[in-house]
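What follows is a single structure, written as structure tokens, with notes after it.
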Amino acid sequence: MNKNRLPQPLRGIIPPMVTPLRGRDELDVAGLERLIEHILAGGIHGLFILGTTGEAPSLSHRLRHELIERTCRQVAGRVPVLVGITDTAFVECLSVARTAAETGADAVVVSAPYYFPAGQPELQDYLDHLVAELPLPLFLYNMPSHTKLTFEPETVRRAMDQPKVVGLKDSSYDMPYFHDLCALLPARPDWTLLIGPEELLAEGVLLGGHGGVCGGANLCPRLYVELYEAARDRRIDRMLELHHAVHRLIQTVYSVGQHRSSFIKSLKCALSCLGICDDFLAEPFRRFRPEQRAQVQQHLEEAGITPAHPMPSIVTAG
Amino acid sequence: MNKNRLPQPLRGIIPPMVTPLRGRDELDVAGLERLIEHILAGGIHGLFILGTTGEAPSLSHRLRHELIERTCRQVAGRVPVLVGITDTAFVECLSVARTAAETGADAVVVSAPYYFPAGQPELQDYLDHLVAELPLPLFLYNMPSHTKLTFEPETVRRAMDQPKVVGLKDSSYDMPYFHDLCALLPARPDWTLLIGPEELLAEGVLLGGHGGVCGGANLCPRLYVELYEAARDRRIDRMLELHHAVHRLIQTVYSVGQHRSSFIKSLKCALSCLGICDDFLAEPFRRFRPEQRAQVQQHLEEAGITPAHPMPSIVTAG
Amino acid sequence: MNKNRLPQPLRGIIPPMVTPLRGRDELDVAGLERLIEHILAGGIHGLFILGTTGEAPSLSHRLRHELIERTCRQVAGRVPVLVGITDTAFVECLSVARTAAETGADAVVVSAPYYFPAGQPELQDYLDHLVAELPLPLFLYNMPSHTKLTFEPETVRRAMDQPKVVGLKDSSYDMPYFHDLCALLPARPDWTLLIGPEELLAEGVLLGGHGGVCGGANLCPRLYVELYEAARDRRIDRMLELHHAVHRLIQTVYSVGQHRSSFIKSLKCALSCLGICDDFLAEPFRRFRPEQRAQVQQHLEEAGITPAHPMPSIVTAG
Amino acid sequence: MNKNRLPQPLRGIIPPMVTPLRGRDELDVAGLERLIEHILAGGIHGLFILGTTGEAPSLSHRLRHELIERTCRQVAGRVPVLVGITDTAFVECLSVARTAAETGADAVVVSAPYYFPAGQPELQDYLDHLVAELPLPLFLYNMPSHTKLTFEPETVRRAMDQPKVVGLKDSSYDMPYFHDLCALLPARPDWTLLIGPEELLAEGVLLGGHGGVCGGANLCPRLYVELYEAARDRRIDRMLELHHAVHRLIQTVYSVGQHRSSFIKSLKCALSCLGICDDFLAEPFRRFRPEQRAQVQQHLEEAGITPAHPMPSIVTAG
């Protein structure tokens, strides 16, 4: 695989893949293969591994490297693979990036270093240093709820001066900020702007973004692909129908549990209910207990989501 | 060295040591040796490496292991060595802890995993899992400004049920919280409660804490030892004199620069000005530019701090 | 005027009117009349006085009462008048509401009481008490950045059980929250959901809202009316053109000044530049100094906004 | 009464008086008289009405004026009376201040205007405007949790240039900030620095403050007077004994209820249990229900607090 395979901009749905685990520091290898095939079968446009939904910060470096290799081998060039390299230690970022390049990934994704609160000039320096060493194109990943730091529009504008920086995924839930980024796009027609939160996919695409990095696309990949296409093609009635289906999933399947970890736990649990992969989670999280699993199971059944037809039944055929 | 050397409670000043670096991923070995001797000459009661002031999250795992080995060898049992093992990945925490045990450190220190926002029950589970695997006594490290998560008093109370958990360092700047922890101490007379921010050392010790983990003690170790002793012995006039000297340092030396990283940058710069160690910082930070270095130098001169007498001259002889 | 005049739901643009002042506690009466005519000439669908943009909390109660009377007299039933009654003191809320009813206003608008941090059950009690005493239909006003308190979806759902509560204006900038409210609408087809921030008007209307309460509509009322209509009618190209014009105004005219008060100061300044009303502001704010006024003037000129044609010239005729 | 009666600095305990109410907008007049006598019997050094604990923002202006008149008449010059004039409307601040001056109060107290987020230069302007119009000496009241705005040290330093500004009450819970203010005191030996949170009274006084504005002193005035005196006189053992008694009250009596309003509700409830005044609260709050009242009653009994001896029994005679 090579860099030329990465469309610029990269349009569509690029799911942030869950990392299937069988135990502490142990990949669920068979589950990983099934999950990748399940997602690719939905018609998605890229695969992002080692992001937040992939629990990357909770995984050992050894496991991260193993995951990259296995994923790239399994995907085998069918879609671009983006690899999260975010780490608080610069040297570890680079190490993951090198593995990504060597195993044939198409791009890397980096969020702000997230322990120390840094200022924007420090963040700009950091990016300059990083880009100079990277063997692959870079996407920025704006995730202030977890990193405590925003890529402010001026920092993004500056990063756009570097050809190797090719896009940004915004998971800030801050639509005025997203509009500020949209206003920067005319200066770099090859730049990609993606939105993270799936409940904002419709408006994000309608108002100028190129697609979404939707966690729920691990479970129902086609739902998000169709929502993306409806927004792209401005079929508003269809877009709203799919948007409401996504909202319904968020209020049911993804609202089981009471902590802010509900989304990842519910998602892994749902994938396990469908027989796709194990629901073991890396510390500090744990899989749902039986009561909560039963709730997820019930929500899936009510939505009509099955392994053979991973799509809410309330959505009419597209 | 062995566990029996660790006083319980551990009283006094345990500086969170700066990590001397010569470049990216390269220890300043000679600087490290000088720094350790400089700090120990101040009469401190323990040494805490790989904390926030030690830039631990920004260091590669390789370098963390090297630092632990060299530090333990250099200290050679003269004071207890505490090793920060905080990491977002559980497996990496354990790996650092094992190195600490093998090289003769006396305890490990862990903060909350800091990427994912966790709930208190998740944090409690995390501690239970961690303690079960640890080869050394554990101090908790409450650092919500960086980890986004507080060890709530009930979580601390629960942790006190485990003999292997031997204390807590609080860097929350939240004195009512600190008082809540003081109220827990009667149940564990061997438990250590330390305060992080040096501007709170006086009141922290007077009102029930056992000592402080003061970053400034890298530069002026005796100043903090004397402040601790004055508070412990309730020599209030002397305590206030020293407290004001600390406050003055914070408002001068440690206020150079404009971002929240000022403290670490200023501290490394000051140590470099005194010829103790290099002021290279790990990404995302950079050493001060010449103008800022000149300011630090001037503040040091005005305070009368010299390599031979690393103590503000306004403090009368103790 | 009577309650029957208020459409349910109320659709379109309902500008939050600036309060023209000549000095401390002194209305700019002639400016008020000009401003009302200027706004109404833009084809707006209602007028909201004594909101945040109207500086209501900074105005004496005497002046609030005077403003209500003069506004209702001037509007004379041409559009519905909504009156903000938010106050930290319940009794003062009611007093403003009674004046509103007596002078012929059509509805009142209340935000959470904003000094004490209240819990949701307390907020629900508060609403129950208030609604029981109100002489007019009530809109809720979600404004957590200023009140520190959100009307959580469950609190809104509960409020929908009361026929006298007829709608909500959301200024939270939180689109997932807005979608949660949209999902409540089927239960009350007469209920109105409006969005406050003008940069979110397009998506707010497209995805289920009934209109917007846009501060910029004081200056360029027709711009927002056309944007609303384009979103309502799903003319997406036209909607984007107008959305970008709004975004451009936000980044130019409304970005003069450096504090969070920039928007109100810029808006009053721009209205003054156009000769519509005085730009005196109630404490704690002050009108712009000449340099900043010159910047606003220049931005207006570059946008081609004139008293006779208060519309950015980059927008093609609708 | 006249301005000369106000000691400068004002040292000791100045309770922020609860406002006894019988119903919405109705003072509990007999309760008010009993409460004032109860508090004064404890040996306190001043009385602060219309603060946060006094629910001032929730009271109508009519009632605020009535309370000032009745309180000043009842106190009759026995201690200085300080009157909170904080209001979002400048004109209303002044109106309350004039009543305070006319009825013989000794000083007024103002917090930042609390609806609009203002910058420090705006806050400085605001103070300049206000001081120019005030008929009485002014205390600043730093209360960022409720006002969203801090009087930054530089703003305080600037305010100290005005002789009419005579002190500051800090309720930020931020001890490093408090130390920054202590460092300003040498420039104005007549300036008063008081601390709000009672759990910080001991350290606040020991480290340079002049006293405390402790809500709990409505219930147990002598407890706080003795704690103040012990800290002032550096009787550390006694100080700690009293500090722990205060901490115990906070963890029992004042922790009933689950919202952030617990303190005011518990305090009014406790005063009602002791027969001192009614526990009606202004909206948005409500008195405790019987279960919670029973808990408060039980905590009072366990502490041994009675109308005749309003002091925790665990405290030995002073």
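Order of writing sets the chain letters: A, B, C and D. Residues in each chain are counted from 1.
The criterion applied here is as follows: a residue touches a chain if its C-beta (ideal position, glycine included) is under 8 Å from a C-beta of that chain, and two chains touch if they have at least 3 such contacts.
Only a predicted model underlies this, so the values are computations on that prediction, with no experimental measurement involved.
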Subunit D reached from subunit A - shortest hop count over touching chains: 2
Identity of the chain that, by mean CA position, is farthest from subunit C: B
Centroid spacing, where centroids are CA-atom means, of subunit B and subunit C in whole angstrom: 51
Gap in Å, rounded to a whole number, between the CA centres of subunit D and subunit C: 36
For subunit D, residues that touch 2 or more chains besides their own: none
Interchain contacts, given as pairs of chains that touch: A-B, A-C, B-D, C-D
Of subunit C, residues touching subunit A in the complex: 173-176, 179-180, 183, 197, 199-200, 202-203, 206-208, 234, 236, 240, 243-244, 247, 251
Subunit B contact footprint on subunit A (complex, rising order): 24-25, 52, 55, 57-63, 88-92, 112-119, 121-123, 125-126, 129-130, 145-148, 258-261, 282-286
